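For reference, the structure is listed below as structure tokens.
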Amino acid sequence: MDSAVIDILRKVTTATITTMLLKKGIRRCWMQGPKPLVPSGQRIVGPAFTLRFVPVREDVATPASWSHPISTRAAIEEMPEGVIAIADAMGVPSAGIFGDILCARMKKRGVAALVTDGVLRDRGGILTSALPVWCAGIAAPASVNGLTFVGWQQPIGCGGCAIFPDDIIIVDDDGAVVVPATLTEYAAHEGAEHELYESWVFSEVEKGVKLPGLYPPNEDAKARYAAWRKTRG
Amino acid sequence: MDSAVIDILRKVTTATITTMLLKKGIRRCWMQGPKPLVPSGQRIVGPAFTLRFVPVREDVATPASWSHPISTRAAIEEMPEGVIAIADAMGVPSAGIFGDILCARMKKRGVAALVTDGVLRDRGGILTSALPVWCAGIAAPASVNGLTFVGWQQPIGCGGCAIFPDDIIIVDDDGAVVVPATLTEYAAHEGAEHELYESWVFSEVEKGVKLPGLYPPNEDAKARYAAWRKTRG
Amino acid sequence: MDSAVIDILRKVTTATITTMLLKKGIRRCWMQGPKPLVPSGQRIVGPAFTLRFVPVREDVATPASWSHPISTRAAIEEMPEGVIAIADAMGVPSAGIFGDILCARMKKRGVAALVTDGVLRDRGGILTSALPVWCAGIAAPASVNGLTFVGWQQPIGCGGCAIFPDDIIIVDDDGAVVVPATLTEYAAHEGAEHELYESWVFSEVEKGVKLPGLYPPNEDAKARYAAWRKTRG
Amino acid sequence: MDSAVIDILRKVTTATITTMLLKKGIRRCWMQGPKPLVPSGQRIVGPAFTLRFVPVREDVATPASWSHPISTRAAIEEMPEGVIAIADAMGVPSAGIFGDILCARMKKRGVAALVTDGVLRDRGGILTSALPVWCAGIAAPASVNGLTFVGWQQPIGCGGCAIFPDDIIIVDDDGAVVVPATLTEYAAHEGAEHELYESWVFSEVEKGVKLPGLYPPNEDAKARYAAWRKTRG
Amino acid sequence: MDSAVIDILRKVTTATITTMLLKKGIRRCWMQGPKPLVPSGQRIVGPAFTLRFVPVREDVATPASWSHPISTRAAIEEMPEGVIAIADAMGVPSAGIFGDILCARMKKRGVAALVTDGVLRDRGGILTSALPVWCAGIAAPASVNGLTFVGWQQPIGCGGCAIFPDDIIIVDDDGAVVVPATLTEYAAHEGAEHELYESWVFSEVEKGVKLPGLYPPNEDAKARYAAWRKTRG
Amino acid sequence: MDSAVIDILRKVTTATITTMLLKKGIRRCWMQGPKPLVPSGQRIVGPAFTLRFVPVREDVATPASWSHPISTRAAIEEMPEGVIAIADAMGVPSAGIFGDILCARMKKRGVAALVTDGVLRDRGGILTSALPVWCAGIAAPASVNGLTFVGWQQPIGCGGCAIFPDDIIIVDDDGAVVVPATLTEYAAHEGAEHELYESWVFSEVEKGVKLPGLYPPNEDAKARYAAWRKTRG
């Protein structure tokens, strides 16, 4: 993907992205569950590298399965630099899909962030690994306690959203949003413009302007904004 | 699969199957959600033919998608006679994955039953189609209202269980159970023997025998059962 | 509302209605919760007469409140003949909003049906009252055990849908659907046409026709349907 | 307990009981979860015999535990005739606490009914046992799949209510209600009187009388009821 | 309302308020859901200004609706200084009812705090606005993604409590509590007295006094407290 | 219990403990719900002292009950130094089982920590008490608002786990884990060894070693680890 588009998206809040997608009829783009482990104000953007789990079955989800060709370890070694690894853990709250070691390896490979509707394990170790993570919480048990890993780069569900490989994922303190690959340029350009407009509205509110007629704008407000916008180049 | 084994399994309750699997350390084999649309006393056994949905995304889950090569329609035409179609609908309660027409086509193709942790639509029409269905309820909206179909014969989750293609599915009034393909013969033979034992215990209870020492049996009860068992050939 | 439109809608399944509304971009029209107390194959259509509850507060939700001018009793006496009374009970499962006496009075006034995302009380008495009810279950305690009644003919939520007075409500064995007042004619006419089409598809499936190319139809199927359709007048 | 009081309570609906207890400030007396396996119009009354489960732990909840002195089997042999066995299964939906054999033994011992916020297993076998059961559903797996039995005749929670041994349990098609032992006589006598009053109200509604002034009654309605009541002896 | 009463309430914890209301039979006064966005030790008190949402319906909940006379914007312009804006968002976790701009406008108007059982959007921007907020979390999408705004200063539900306009709302790190308007003076005066008593108990515990006889107090403890209390004026 | 074993366990993460128990077939050992009130990196180990609540019943769960011989106060006075008090609050989110005073008394008695699947009240006061607490959140109302205390040192459920008096409880930033008393030595010794191994793996990953073959180790990795291990004594 065009890295210039990624650069623009880094300046657009996930809140604005969802409004842009709503204009295209897409309401299911924000994931219920993933939150930054520690809110930091950071925003990260990258193509989705998907991981898929199904529920545990005691004959297949065992520590031994970690050596299997279809394992989370093998998946991690396939991740290109700059991707956002995104895992469908079906929202299971009691099986930490990754801990410090796997997060450290992802960091080493240049993975931009890890996102899941499930949980991670070893909170302290993950913070040490320095991999940015968005998850639904922390649990001590390993993935095999509740989940069976079945593959990567397939379509997945995550937090109530459909995610396809190479969709663009954006994460910030409000959580995680998916932008369909075909709408990325639209979202970047319209989103950036919308951010500019909202920054102007915010400054007007700070001056004491009332909301009706300002947000959404009436003709007068549109004109005032256009004048201000012109000065911004 | 050996049809003789299927024939034996038809006589073993899902309750007994779960006890046999527990002896092998498998606790996650009964699916939370699927129930017979109308309890009928019927038991159906067959290999799993899996269907997979992810959440809706408004740009891909549309009525138009029903003509796509990866569609529920295409999946149905791939189903061999005698299978149990089992759909991972992520427990979504508000999108009916199939209605009367698709059920009628499955019936026509010889599908033994349809099982899902989601819901179906058009209750009356489905009863008319005569396809036996185990589901988590009924909702009027179509699948695309809440789900995107993504493929068939992949590993899936259903009602909290992992299901792999060709696992054996057994359904009766207690719901739906999966038997890992490798444990089918064990479950059939041990299960049938266990059914016989429990029928004898039930008759003892009817005669007024107390539970302690009978169920589980002490040495005396074991001997009495062995004698009775011998008379059964 | 035009009673001819109501007559048409009575022949259109709630499943079909949701598909018609999806074509207009409306996905939130089927209510999660309301189900027929006993499935009967019946379909009922009428304008919404809304009732609104908030949670219980022990100083205001008391048996004494039943004599208050803003009470469920007063609301019932305002219901015109033919309406469907629809109550926002916030899905509370432990407070039966109405019992046999109030249902009997609604029946007497010609109320067509009662719909709620909450529960009713006195199952036997309600069946005796003969008022058709769609609800999320049964609980013994009275409304004041969990709810405070606050008014009628206001906008409400019910089972995850927004309902405005005079929207059209349709209920059948698949549950309850709301049609925005402005879309009623569209839903009736398109819906009736769609039912006809689906009945033809069903008969084709019964003859053994495959789904791809039939449903949705390709050019050939469209032509065959058009020919059949012509014979129906 | 006085069997005359039990006889009166058999004629009072659980709906009325909850209203009587509300007058004493008790709102938590109806259990969320227990429902008749098949609604039959039947009402059963008896003292509580409590059973208590905690979650499964794989080292203690095993088929072997069924021979332990603290087992469901031992508990059943302690149940006096006429009790209602009531089990705290913490609402676990995936472990059937009892099946056909244990239900048959309870029936044999004269247990009046079995009530639980959990589920049972072997639906067909339980119907054969003829023990009346109120539960939250059916699941194939045995109790040890999700629960550990820890004792009987202790205070328990069931469906959100506190139950103490020898409280009175009343079950009918609306579910299960607990009456604190100290309030049993009150609930019986006030309840029976209230039933009489409501039957008169129902007949008035059938005649076309409006609700305001009737239910709750104004002075005129009170007088008319008093006159009618006198004729009933 | 008497500002002296407000001043007293600012020194009473929400924990103590709930105990005072329990003595009046009110158990439903603490809201499930609203929490400080960042715990700060702050306590805020003010009269409720209610806002009401129902679920989204795609034909009415649109960005265009923000210019409608019944809009969140119009409601904000009606808020008097010092109120606590409290929004019934039905606990919807995926639609941020307000973002930075609307919060900034509320701050400008002198709104004391915003409370909701729903979520907000744009975490960073809200912190910048400096409006104190109590909510159930953060989500990127706008209100119209999941909610339809229908009015203000009506009775609402919030976090399982009934809230009427002009009830008093108190928020601190334990969450949000409603005091019925009629009980405000009682809660303030009894509450302040209770705080004093508990501070004495805490100091006794610090000295090593055992709990039984101290909390609740026996005659001796009552006397010791009375003596201490006298010294406080 | 051997204090040397406790000392070893203090150095083993709860994540590692769950993996050791999984090898013994125990998957239900991590509690869903309890989290540190403020994550601090601290790990605490001690024998369980259990507390048990059932749901509220308004006739028995009253402020007056706090003087009853079976009260939380009496239970606290029975707690030996060094125990971890662990309360089965059935996950009730709206009744704070303890506040500042009771926590201060537990601290005074040398209780090592308080763990519950319920919530506490008076967040600020609890932090002042300095008792380490693991809970599912904070709510203003007292225990009697939603719970009835019924006893101590009985088997309980907590966060989906069975806990028996004298089991070992371990808490850290990942939450709370129970070790069956019979497995404590095993868990300590195997766990400490496993920690050592994982620290070596982490250092290997930091050097850029790939996961497959390292974690789980192949023969080569095993040999390299054995060599490194020897140097550690």
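In order of appearance the chains are A, B, C, D, E and F, and numbering begins at 1 in each one.
Going forward, a contact is a pair of C-beta atoms (placed from the backbone, for glycine too) under 8 Å apart; a residue touches a chain by one contact, two chains touch by 3 or more.
This structure is a prediction, so every number in the text was calculated from the model and none was measured.
K.L.:
Chains in contact with chain A and with chain B: which ones?
P.N.:
Touches both chain A and chain B: nothing.
K.L.:
Touching chain C and chain F alike: which chains?
P.N.:
D, E
K.L.:
Copy of A-B's interface among B-C, E-F or C-E, judged by over half the contact pairs being the same?
P.N.:
More than half of its contact pairs match A-B, so it is C-E.
K.L.:
Copies chain D, chain F: same or different interface, half of numbers shared as the threshold?
P.N.:
same
K.L.:
If chain E and chain F share one sequence, what is the angle of the rotation that overlays their CA atoms, in steps of 5 degrees?
P.N.:
That rotation is 120 degrees, given to the nearest 5.
K.L.:
As a quick test, compute the distance in whole Å between the mean CA positions of chain A and chain E.
P.N.:
The mean C-alpha positions of chain A and chain E differ by 32 Å.
K.L.:
Taking each chain's centre as the mean position of its Cα atoms, how many Å separate chain A from chain D?
P.N.:
Those two chain centres are 49 Å apart.
K.L.:
So, what's the distance in Å between the C-alpha centres of chain F and chain B?
P.N.:
Measuring from centre to centre gives 38 Å for this pair.
K.L.:
By residue number and range, which residues of chain C touch two or more other chains?
P.N.:
In chain C, the residues touching two or more other chains are 25, 27, 29, 160.
K.L.:
Which two-chain combinations touch?
P.N.:
Chains touch in the following pairs: A-B, A-E, A-F, B-C, B-D, C-D, C-E, D-F, E-F.
K.L.:
For chain B, which residues are in contact with chain A within the complex?
P.N.:
Touch list, chain B to chain A: 24-29, 54-61, 88, 90, 148, 150-151, 154-157, 160-163, 180, 182-183.
K.L.:
Where on chain D does chain B make contact in their complex?
P.N.:
63-64, 66-67, 71, 73-74, 76-77, 93-94, 96, 99-102, 104-105, 108, 121-125, 138-142, 144-146
K.L.:
Name, in rising order, each residue of chain E that touches chain F in their complex.
P.N.:
13-15, 17-19, 22-23, 27, 29-30, 32, 35, 39, 41, 160, 173-175, 177, 198, 201-202, 205-206, 208, 210-212, 215-216
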